[in-house]
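Note that the chains take the letters A, B, C, D, E and F in the order they are written out, and that residue 1 is the start of every chain.
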């Protein structure tokens, strides 16, 4: 079965496909019978769905699972929805394997290819001068336990880069931006800036859970990605003989201070230029991506302003772009 | 007379030179006689000076004026000071003319040459594509009333770029940094970012007084450089036929929002990406310059930390630089 | 046709009238057919309305337009609504002209007559002593482009004086209150206080859009009424020969500082008594009007407390008035 | 002996007079002998004084006491000081009696006569309509224990009205201002506003100590004038038969909320218009008086700006007054 | 009739019982007929209920009253609700008397017996050393007007101890905790700490209304429990001959400062150790109880985190308890 | 030589002793000759000292070193000072060894014996039930590298427990207080609370430098004791086989959240009761100790109020203690 994606669903058509169950709620209709109110999704988007007469159908599946669906695409309050006739948990062999690839089919994901981004990052790191920082960065990024998660993790559950591959996309953008900024301020320690930009959010691979839905892990919510990043880095540092103690303090400081202010969750505030640069670039790149995502989400919204952007706490102005469209 | 600069004064030598009077206070010594406690300066630094027996000498000069001084360099509490034997207001012909050049001799100034910086900025602006923004920027920067002050103004009375030529140095740095950042985010409207970076602080030429000492003008303190910048820009906009109204709103928004938050004195907060970029780059460049100035000022201070930096509100860590020195 | 106002609609009656369309939404009923959910209003209030079987009726009108309506007044969840049988865009000759009068029929408006308020304000300004301030105020208030909008503009989209004529009502109240306060503190510069009170919100005629519904213009949201007020004032100042420069600085400072604190959007804080007085009286008059409007809105609400007032951020106590009612 | 006041002391003259000892410190001169460094004051100002060879003179007096002084007026660092030859505690019969009159001679005091101000206040209160509020206000203001202290108390130790009679001056100004504001907003309950303005700070007669120097009493610092005012009012209310319970709640609310915001020490925030009016007028009158006092204090200070005003937290602009002077 | 409690209601059963009406709303069903949407409750919990065809039934009762109900327990959206066939206001003789006992049947209440808690508190107070503090505490706690309300009052309308008897439970916990803390810091004045803990919230018996529903009284909302507590204490102090004035100031300070910070509604901040201890223990005990109540409320909620706790402003982690369950 | 302590120095006596050099500054006297202005200290206090004619004496020593001093005790401005005749760096054999004992002689130190406190703590930990937490705590506290520093470290450079042994004194107090609080709330996990109290500040042994003077280490200032504590704990956890992962998350959370709020430097806020208890008890014990130290420091200060306490940001009331003295 060629999987029909959410973006391909045509109104009033019969369909057969596979989706991830984002949410599932049992409700009672006005005639007293039970029905299921679902949200299904794949990488191209999300759609509402209903299973009428839920008690008659066998519905053994949970949110986060991939299901096989047959039904008809209907329109409700101006939006499409699927009226489901048959639904069942996908058999493993139907879901593309390995698991990571599967997730990329069913969850929102970066427009960039994770493999290609990873290669670009690696290429840049290998061009670093020999030394303890190059060793550290490669030992983290090439770690077999870290690399696959680093390619897959979102950068956040909301706010910015909230999609698979988002963390890597964010880091890669920062590394390339950081190189430009260090070209401009040649007195900065480029390798230290680079180290901060690559490592500052690495703990997000443990802070966030992204198999099925984006949410915090217990450890993520109790400890937080700042300290989790530190833990990963310390683990690798311990294995590098002769890593300078002062340099370790500086890297740890950059990680701890990268949110810029205590009230944003940084237990320390940037105390030297390289830490300040990591803080500002991280913040700028996140907010710019968040603005772009807001414009994309509100493209059909009437008027010249978006709805309230959560990262910035305000509405954004859709200024006309150079080619006449709106941002 | 070859003017001896502050940095050239040798202890225990007789000197004859010209300095700017930074401060002047009349005090009574323990033996009951009056003396003058002065601070003299030129572009290379500042030095304390004393006029003993002040009532006997004719001392007709005020802070902010250039004086001709004869005396001996002494040491007091470990620091050099001048014991003055004769002091008089410089005759105009002794002070190099025109006035602007004169100030550059006696006040702290940028290490960069204002003329060269101005030429670099102009060259960049002339490379902009034809259109209303290019017209606007050139009409401001090339204005006969604005250009000389733009070359001379400090960017602040304290905190960052607090020296003659500091505003232009800051703007030029931002323009070149902005180009790099727009290379990285090609979807940004480069000309609009450029316009914001060039114009955002232009009102400082009216906010600050820098003939003699750096302080706020009445208009500067009552109205502020944000609104003064707007006024200058509006004056020029009125003279450009057919300047798009929507574009004017955007430029004004960038200027009004460039401090980023209401509590920092911006009456609006950045509502589109180009405004956000101007806000972040301005803030980053200012803070980095402030950090470097702090390191320079505290170079002889014992320990690995500077005194409290006013722009950041904290002590800075003097991390070892790549060549083994301290930042 | 005598226009039946919203406040005159009797339940279970057949009606024929004209209203402004405040909002319009297309929905699907449980039987699958489309209907229109409308909010109609005129100056006396607002009412819900429904157009069943929307696909059969020709419904060519948009929110903000005036429509001619036939239907029956029904009751739904205890509130009246109109079940519409016929609806069409009003022909221009049916809507009273000129446009300003028309809006006053269909939007919430001040209980005071704008013309009478305007006359009172003008009379007061003409009694000012001859001089630059009198010239300035009259040139603003009597400007042909400003006067009609000044009479019509609301003072805000919500919070206080959020009705047509609200801005003028607020300013007139302030001018008369200001006179009393200057009687009490005779050392205040009465004309300067007066100038601040008349001009401080004048930019709202450009910040807000009030034809059809109250909302911010793009320019209003990007630039804000504080700076828009300044622009109007500067335009007029430029035309007054010999206006004292120092006085202009003071007026601009009053306008810029009238919100009192940076975090309320003022880029400067009041630095002399007249600026402080304008700030306090503006704030007091706004909040008192907001309290009264809250009491009026919650008059039927059970209990001794209103719902949360948005301007004050708290519930208000309905204290018994002198004649035994509740405030 | 005709008492020579501080403002009458001429340099290089021999004097004999009485002053209040504001501070007294024992120091060691460079030649090793002990001397006393004093600050003396009366209602017209303060002056430094020295007692050389302190160990030889009998100096039995403490700060806060009135002393009889013989000496010579000298000049030290440009300011006058008294070189004391003889000093002794004033005999009671030398200090004018009763004690209150005495304090008015030696401490800063209102330019208005307390007796006259008190009479004006009383006259206004007696014009109130008969009723519980009139009864309450008169019972407080005419109380034998309260009246003398009410006439004498300062309104604060610093910030505003920080002189003897300052509290009464502040209250009287507020009452007269309040009448004007109630004329403007005739729907306000004038008697309730009046009650709030008269009673809101009455606890300051117990919060502050003003015999000798202005400082907080223990009870004032532990409990605060807001709650002390409430206590005084409750004491009087208990004695008025049939005082309406609801009205008592409202008066208490006005007193508790008159600082306007929790962080300013009000445990409640104004919840009805009369409470809001008391809060705003109190704040406005205090800040205006504080500004005027600042201008007076900084009259000789060079430049167009005062030093930092503590009540407002900023420098004030000395705008030219109508008659050409500076504010 | 044996009253069936909410916790005993079985789905699909016919029932006959008495409940308190928590809320009552008249709605229109989709078929156009009116129905009542009720929330009924007793001490064991709350349940939704519907009266179909409301216009036919005589329904003379209001929220806060106890009603006699006949109907059937149904399930709606997975939750039980009562479909009511007959409902009428309970005759007084049906509601257990005296009133206090009645309330305990129908409102949420402490798991501890108020009488037993009161006895424990009294026993502790009687063990205090003879002296003014013992006298004060007993005179408050044993007051005939205070004691019954002290046993019944909740400690808050929400956040913590929001049930009948909650205030006493909170105070008793604090007294016993305070004894332990004073054992640890033997230099604390144990009787003063005890006094603060017993008296700090006593005003809540007047701030809150708890007959029918928990809400603020007018006096409570206008004046607040901090000042109401003070009033009760002062009333009792006045009756104790020779109570030391300094000690009264200290007790008043403890009451006024027990919220710890101005922005939490304390007009004073703790200025000596005993005041600090009362502030910390009160805050700690409240927040711990609030956490426990949150865990209890969210016991069936999936996942390891509760919903947002209002007292702490964040979600709580359900850590596994020692016996394997979740907190 | 029997070492004479600072507290034993009698005015006008000749002395010979050893002290730690706290500060050393070279100054020029009014006659032009250089002198040394020193502050010397030992565990009993600090005293000023002068070396006149500094250029003649060989003065080879630095702040932080112990010196051997001969001189005379003089009085200057009412305070004693030493006029030094001979001064030299102590020979190692003169300074008692081992080093730790030495420091205890020359720096402010806890009144409790560190060895005894350590024994009490250990005894308590050994009474814990067998299990991973007991193992963890003992492995930290008994670690050969940690134990000596744990006995010696101050808890802060200022604010509270700012003396040698202060950290251990604080922790021991917390452990004993924690036991009492867990007795009161028996549902708390006592071992987890205990673990949090013992470990929360352990990183201070690396954050602070206390050989010679109390100041932050570079690593302390860059990384902070919260994260340093975590590092120590993780190091030990790694060595305990089978330590439950969930339990590790909880301990880390307690450490990270023990400052209670983001703006106090905690990157997480307490999310379960045991974390909240650690946060509150730590804060309470620190503030109480800080208050007591303030009372001790200000014992001779006139009036009933201390100077401003830095930990609380306010003056403290010296309430009379039970035995009639002042707190």
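Things worth noting here:
Methods note: a contact is a pair of C-beta atoms (placed from the backbone, for glycine too) under 8 Å apart; a residue touches a chain by one contact, two chains touch by 3 or more.
Since we're looking at a predicted model, the values are computed, not measured.
The fewest steps needed to get from chain D to chain E, moving only between touching chains, is 1. With contact taken as defined at the outset, chain A and chain F are each touched by B, E. Under half of the residue numbers found at the chain C and chain E interface occur in both copies, marking it as a different-residue contact.
Ranking all chains by how far their C-alpha centres lie from the centre of chain B, first place goes to E. Note on chain placement: the centre of chain C and the centre of chain F lie 63 Å apart, centres being C-alpha means. If each chain is reduced to the centroid of its CA atoms, chain C and chain D end up 44 Å from each other. Residues of chain F in contact with two or more other chains: 30, 218, 221-222, 246, 250, 253, 271, 315, 317. All chain pairs that count as touching, in label order, are A-B, A-C, A-E, A-F, B-C, B-D, B-F, C-D, C-E, D-E, D-F, E-F. In the complex of the two chains, the chain A residues touching chain E come out as 26-28, 30, 218, 221-222. Per the touch definition, chain D reaches chain C in the complex via residues 173, 176-177, 180-181, 183-185, 187, 189, 246, 250, 253, 269-274, 276-277, 280, 283-284, 287-288, 291-292, 312, 314-322, 327. The touching residues of chain A, when paired with chain C in their complex, are 30, 76-78, 304-305, 315, 317. By the touch criterion given at the top, residues 218-219, 221-224, 226-227, 230-231, 234, 245-246, 249-250, 252-253, 256, 262-268, 271 of chain F touch chain A in their complex.
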